[in-house]
């Protein structure tokens, strides 16, 4: 298990990738070193009126493991604040948190990385870390981002809701349109997915039907980020080993779960 | 009466004058134009956890009346925040507030400007605005600041509590030590004073004894800064015309009062 | 054209946004900073039968996301108020609501009686001030007292009566019901929560009165909860307040069941707060294609 | 050498700083981030007789300077707690206080009875959770119920009993006196204030349970006031909490009369908050030449 640290990181760069999507590289002492793909960090606001951390997935770790990249969408006050920070500013973060994707399960398999919207960023580091035959399906609302990074580490298929690029529709549509099907012998042997709940629900159903091993990264509002407060639970199919009830903690037991383990 | 405006001012410069004393020049649209000596501004914190304004006296107004200077001591969270701002940063301020010193009362008189500690800054603009025979008595704890500015506009006599410069002791000690007395025919004909309560109390007593007209600038915690909330009252000797009780509003009826009008 | 007009016991406001008593004086001072004609109503500082000196200073202290105050209802008394402050307010195209305080039931009635003859749109009865020894909160924490004082002032009032409730109770709905039984026309809530701050360096109380009333953004969740509870208990229209600084805040109260809202402490850190709220409500309605603000009141159930 | 040791009903803590129930799990998770040996005590999440599922999500929402939570006392039940979580805590040189919840008086007693056999220093009885329908706050708002349940659990407890009071009352001293009469050894306050947040875009409640408990820096003035009132009413030692994030905050509570303090929500924005508070209290004592923390407890009167 990776060692968690609360650090005052330093912002190395801040860049706008799309209308409301930003990318930030942060210099850390410990966190980048410990991080693995699919894990996230808690980012603390610098404004005293906001007391809860913002969980943001680790998009990339630099080769020297001294810095990490966060790619995030401005959706509220916290992310708006982050977007206004500049190189040189400092930012308190806690991490790495959560379990991350079980890369070892993908060994030798045709792995599909499916990211939707702001669920795309963790797929960059995941693709980077995986060897072998990687298919990356990226679903966007309209504007594209992180395409170059993704293309560096695998074959990329794109879907957009407004049809402005790639396949019109969602990630499953893009799979079908590109012949990534059982009929063609090109279906996934294992899926790693991250994105909005409706997308995850559809992927879970598809995987269940096709009997494909599928790992999904869940989202829930968080307070502690380390498994102590029980704010961020999702419902589990079976009684959970730790909680003794039908609840799993997204921050600690997840965010990545086997799709059959959890209710969506 | 000066028109009040709430503006997003821009910081032109930030400078450290002494261990915990800072000086900030701000570009304003309206406030500097309207300001007169002894008035103050409400400075709003940028951190949402701090909801009350910090009243800071106007230390100087630039010749073109487009910017104003605030000199302040870091004593708590708000002033600490201000001290970390840099040129280019923006800061919301409301002003000019309060009445200011009644300069017209000093016409043709030997005027004494007496400032103690962080009560010294407003004396710069006051000295600048007054013609004639000006004596500036500045009392410090230890480190000096704003001496050059003061010297530009009048004769400066200095006192320090630790005796490291000028007369050891307070502003009254400096007066006596420099022969600014009735015996020498050099006593004040009118006093404008700003500083900590014990200093003002001593000056008030001195002025009363010597029957000298004396105006003092008072401090009290403020919320609205414009006379609406009745947070900042001081006790008045007579029933106040506006409040109908023995209270005057420091932010609106003051901060400058005739020393005989108010209890200290 | 979107409609932001709301009606409180027959009094029509051009928009639901008013000032919170005690934070806006009687309007004179803030009229230098904002156009009072744009407000739904101005609610004045509490008025008693005679001038009140209020509490010693320090009267306020900043707290995290808010402040405590113990002004102690300083006011010039009803005579000066009627002769000086009311004529000023009458010049504006906004409704005038006068906040009333008193030390005894008789004093409340005396003030209401005097104000009844004036050109005032509504009276707000403050039975919830935590900063005075007599009157105030002593009435606001006991349902029998709430009902009794409501019935008493109603006898003298020619304007609709707003009863202002205290949040320092275990069950706000009990107080709301009591005010309704007493004949209140409108309820306003919340007044301040009793709080304390200690100056650890001076080792003394940060406000001279020891305790003070907590207000500002920090109290909003308590206020929204109480407005929601009261809106789902009584039939009276509600004026919601407690921490409103933005249109988003105001909309929380409206969705929870408030017909109108007051902006208090926010005036101190943003003198334009009332106008920002008014404009923000309009944009929200436009964005969400809401024609009439009635469509929003109390829809979150 | 300065002394920060305090004693609560005969249990000696190396310093007055503990964790607030529900914000620190049973210590396992935060032990990766801070050294539990440094804490005065660890207070665990509420434990019931059987596993509780808790409330649906979203269970929390951020508010201005604080948060609301409606976890609903999810817990694995006393059996798993005793077999798995207690042995973990026993490894540390810190006092262990177990928070107890229940739906009925009998359930509280059952849990206390079971825990009495364990190596636990104190039991904290949560009669003030606003997020569960039965039990919890239903007990905490009625002085007769407070006294009754205190007396009941005291019969089963072999450890000193801390009664945890709710701030959602008109008069906290009444509840404190009731707990004292029932035989409580220590009082802890405050639990959370009932609050609500509305999501104006989704036009629904921000937490699934509609209402939640407000905690964090925003509530501190209410908490300090209540601690002060209770300290000046009953003779029992008090554990103060509500918004403590810094040593300055903790010292306000101590000066107001708290013998010990708990850090809750602050752990979420500063995992080192407890340690910062401990270190800050020591520096304050050093700076002010205070030998023994006893010299600070309740000195602001």
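Labels for the chains are A, B, C and D, by order of writing; each one numbers its residues from 1.
As a convention for this text, a residue touches a chain if its C-beta (ideal position, glycine included) is under 8 Å from a C-beta of that chain, and two chains touch if they have at least 3 such contacts.
Since the model is a prediction, treat every value here as computed from it, not as a measurement.
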| item | value |
| --- | --- |
| Comparison of A-D and B-D (more C-beta pairs in contact) | A-D |
| Centroid spacing, where centroids are CA-atom means, of subunit A and subunit C in whole angstrom | 47 |
| Centre-to-centre distance between subunit B and subunit A (centres being mean Cα positions), rounded to whole Å | 56 |
| Euclidean distance of C-alpha centroids - subunit A vs subunit D, Å | 35 |
| Shared-contact residues (touching 2 or more other chains) in subunit B | 48-50 |
| Subunit C, residues touching no fewer than two other chains | 64-66, 217 |
| Overall pattern in which the protein chains touch one another (line/ring/star/complete/other) | complete |
| In the complex with subunit B, residue positions of subunit D that touch it | 64-65, 217 |
| Sites on subunit C touched by subunit B in the complex | 22-25, 28-30, 32-33, 45, 51-54, 57-62, 64-67, 69, 71, 74, 76-77, 80, 216-217, 265, 267-272 |
| Subunit D-touching residues of subunit C, taken from the complex the two chains share | 63-66, 68, 141, 168-171, 193-198, 200, 203-205, 210-212, 214, 217-222, 224-225, 228, 243, 248, 251-252, 255-256, 284, 299-300 |
| Interfacial residue positions of subunit B with respect to subunit A in the complex | 47-50 |
| Subunit D partner contacts - residues on subunit A that touch it in the complex | 3-6, 44-45, 48-53, 94, 220-234, 242-247, 252 |
